[in-house]
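Look for subunit A in each of the two complexes below; its partner is subunit B in the first and subunit C in the second.
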Partner chain A sequence: MTINPLALDRRTRTMMVILGCLILFSAIFLGAWLYGEQGQVTNLALRKLPPGWDQPFGTDWLGRDMFARTIKGLRISLEIGLAAATCSAVIALLLGLAAATMGRIVDVAVTWLCDVGMATPHLVLLILISFACGGGAKGVIIAVAASHWPALTRVIRAEVMQLRTSDYIKLSHRLGKSPAWIARHHFLPHVVPQFLVGLLLLFPHAILHAAGLTFLGFGMSPHTPEIGTLLAESMRYLTTGMWWLAVAPGLALVLSAMTFDVLGNNVRALLDPKTLRE
Partner chain B sequence: MLEAKTLAYRYGKQCSWLFDDLDLQIAPGEIVGMSGPSGRGKSTLAKVLAGYLPPGRGSVMIGGRPLQGSGHCPVQLLFQHPELAVNPRWKVGKILQEGEEPTADLCKDLGLEPAWFDRYPHELSGGELQRICLARALSSGTRYLLCDEMTSMLDALTQAHIWQIILDIARSRRLGLLVISHDTTLITRLCSRNISYFGDTVNH
Partner chain C sequence: MITQFLLVKTFRLILLIAAVATLSFVLVSSSPVDPVDAYVGAAMLRISPDQREVIAKRWGLDRPPVERFGRWAGQMATGNFGVSTIFNEPVLSVIGKRFITSFWLMALAWSLSGALGFGLGLIAGAREDTLLDRSIRLYAYTMASTPTFWVGMILLMIFSVSLGWTPVCCAWPPGLSAEQATLWQRLHHLLLPAITLSLIGIAQITLHTREKTIEALRSDYSIFARAQGESTIGIVFRRALRNVALPAVTLQFASLGELFGGAVLAEQVFAYPGLGRTTVEAGIRGDIPLLLGIVLFSTIFVFTGNFMADLIYHLVDPRLRKATGAIS
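For the complex of A and B:
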């Protein structure tokens, strides 16, 4: 058996994947900042160019560089995703903790809310809330935040409930530890990883739903180069053969959503002692 | 003296009493065995005695005073599955220190190796982990140990080794021991007295 000197153990590989994901996201923010106004500038001399060396994603019917627009769109998507997923995860954390610790009535109420939230079609709820909040970035963030907490709430509720009845928590109490000490040393190390991973895995949903809302016209205004706007605009030009207008931003969106998924799963592997040292 | 006075317990108001009117005394330094068929409430009794469950009726007294709800409990319970009695996200070193920093002598007696302290519980074997749980339970304030099938999942050699250590420590510290087991040979071998309240009910 030969040993490859470049072969990495799983821990190092996980760390490198996480690092790679983070670099990609910072590159999007940096790129959007460096491009400045370029995505908005029209240049009629460079209209409808297919992807090439100078414009990797081609140009649109006004000669705007699609690569710049995609990067800027991604940045807006990431910002909205970050805000919405964070709000959603915080709601989930509070409701999950309340359900697990504040007695039967609160538990029944929260579980019922979760069921209602999960049974309602997401997109209908999203459109309703976003429309009611007047659209725009605010509407999208509120809509996504208000519709994505049920799954994580259930995870956190179940985690805390399982912990509360576990032998080692009761044993800790019998060893004379105070409830505050137990909360800090036993509960926190279990809930924080669930929260972080849940937050990361909420991102792709938030990003995709934000883009979907904008695509349907209930989200951001048409001036903002959000991915959903780009896709909606491209619809009119697809039939004239300008495939790159939809394919490039669409792929970029799917890839960044997948990157968050990979990031979430790798962070989970790193936080769980069972997989930590493999 | 660890005493149970007319102790009774049931899981929920609709259930029948699992045990009722139960009296039990364990003196310091005494080793009492308890055997009986499954599902009769042996483990539940141990949990009530150690304060994990509140008694339904009656009381648990220690040295003539009722068992305290908070603070370090002088009655410590050892479980059958040590892997469920430790936090899987803690390293062994932290698990050990949860009770009280174990003395070097105790570590030596139990054969705890410093190399384990930097590991996670799933990286130790069952026998090693059970010894960690034992060390954690043996704080200076512990007067009684309730061993609920604590070696039944270990092989004969490890069992013998662990019981040897417990007997030595119990003798030197005058700890009272309650040994719950299905293994009647083990109980006759270890204990000066055997209770089988729970066996009687099933014979009828």
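For the complex of A and C:
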């Protein structure tokens, strides 16, 4: 096997992927900010234009630039994703740690909570919570944030459980270290990578679920176009052949979700000592 | 042993339903959406405060939540799920009718994605790191990040709007009832939503089968078979297949929750009058009895999937069958 002198090792490649993702996301935020009000401006002279040089994603039935609307929609999606994934990951971290360290009863309770949380189809649960919050943007964020923790909780719990039975933790106990000291110096360094990767991998789920929920008509007014709302609106114009209203925003959503997926998987490879040097 | 297994599972189901019912009741009661407003809807201006009070009293809304919950739970236990406010029909009959419509959609999508996903996974695993494997993996990863409803919209635009091969909406031709439509018409309307669901559903099972196939091909028994001169195809079909099939079947049964969620989105795109669309309507128009009924029904649906997965594992896997007391 010949070795390509230009081939980068995994570490450098991962770093470049991470850098690329960060640039992409800052571009979305910067773009949304630069476009300002432009996504809302109606221009009836430029109605229903297919994609072209001046408007890369075309214009809608009111002459609004779809590119500006997509970028702003993506920004809202990313914000919801960020808020929801962070909330869920923190809940998962706390519950997972509690289950693994605070005795049998807490463990049974947390495991049971996870089972209950995963008992209904995710989307039905999202609809239920969104309804309980009275809909609106708040409802969407709370629904997505409050429903993504069970899987990660299980992962963190299993991780800490496994650590607890390892020799060096037992040794640390024998040496007279307090549980808090052990948690801080031995558990935390192990759990933080899991937590970060879990957080990143929750992101695409959160974004897609939020888009699905707004697509179904829960939350988000038409004035703050989230990607799901954009796509729901474009449904009405599909039969008239305005394909660009649906294709471009959807593609943008898929690409953002995939970017987070790639980012999460690369960070996992980088943080895991087993795959770090591959 | 099988009776013990069933007993434990039934007990678990009852506990789970009790927990889900309590939680969803608390959630629904804390909603700021006023059930009377939701019921009255557009007629809100034409209705006097007295009439509102009559409705509220008839529904028991003047009672404290704990008492309401007690009465509701009691009724649920006897199988009375209440009356849906948007359909003006008992909740159970609404769910029953709509579920049958959804069932065919989900069954078709489920079998399609299972068969295709398993096949693709086997191929990808057997041809690890070839171009074929890479393309299958890329497809699966892309689909894992693609929203179901968007795939539905793209298919709708291509096959219904541009090519005109498939209908734009509904489960049967407009103007006909479900009974009047022929089997062919039903299938014709079912095709595109089902394909949408399977295109997405393939992703998980493909990636999982691929991993398991690679694992099986690296096992001692595969290496031994290869040393005896067996070809890769021979190893895959005669050695690996059985070991890979079992976890795949389990996974496919355990994915019923995802399938249900996908059906909600796909039915919305294709205006397919199944249980998924009913869920959305119940949520948006504040039909609380129906929403609670669907939450509990879908919980049982998901539980059944997981139960089937466990059962098949125990019945098929000789390692578990022989181990005494393994069934629990």
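Structural remarks
One rule holds in what follows: the second predicted complex is superposed on the first by the 265 of 278 C-alpha atoms of A that agree within 3 Å, B and C clash if a C-alpha of one lies under 4 Å from a C-alpha of the other, contacts with A are read in each partner's own complex, and residues count from 1 in each chain.
Operating definition for what follows: contacts are C-beta pairs under 8 Å (C-beta built on N, C-alpha and C of every residue); 3 or more make two chains touch, one makes a residue touch a chain.
Keep in mind the model is a prediction, meaning the values are calculated, not measured.
Of the two partner chains placed by the overlay, only subunit B lies in contact with A:Arg174; subunit C stays clear of it. Of the two partner chains, subunit B is the only one touched by A:His186; subunit C is not. In the superposition on chain A, A:Phe29 contacts neither subunit B nor subunit C.
In the superposition on chain A, A:Ala119 contacts subunit C only, with no contact to subunit B.
In the superposed model, A:Ser166 lies in contact with subunit B only, and not with subunit C.
After overlaying the two complexes on the shared chain, residue contacts for A:Ser130 are found with subunit C alone; subunit B is out of touch.
Contact comparison for subunit A: of subunit B and subunit C, C touches the greater number of residues.
Counting contacts as defined above, no subunit A residue meets subunit B in one complex and subunit C in the other. Against subunit C, the residues of subunit A that register as touching in their complex are 112, 115-116, 118-125, 127-135, 204, 208, 211-212, 215-218, 231, 234-235, 238-239, 241, 243, 246-247, 250, 253-254, 257-258, 261. The touching residues of subunit B, counted against subunit A in their complex, run 50-52, 70-73, 76-77, 79, 84-90, 98-99, 120, 122-123, 136, 139. Subunit A contributes residues 166-168, 170-178, 186, 189-190, 273-274, 276-277 to its touches with subunit B in the complex. Within the complex, the subunit C residues that touch subunit A are 16, 19-20, 23-24, 27-28, 30-33, 141-142, 144-150, 153-154, 156-157, 161-162, 168, 256-258, 260-261, 264-265, 268-269, 279-280, 283-284, 286, 291, 294-295, 298-299, 301-303.
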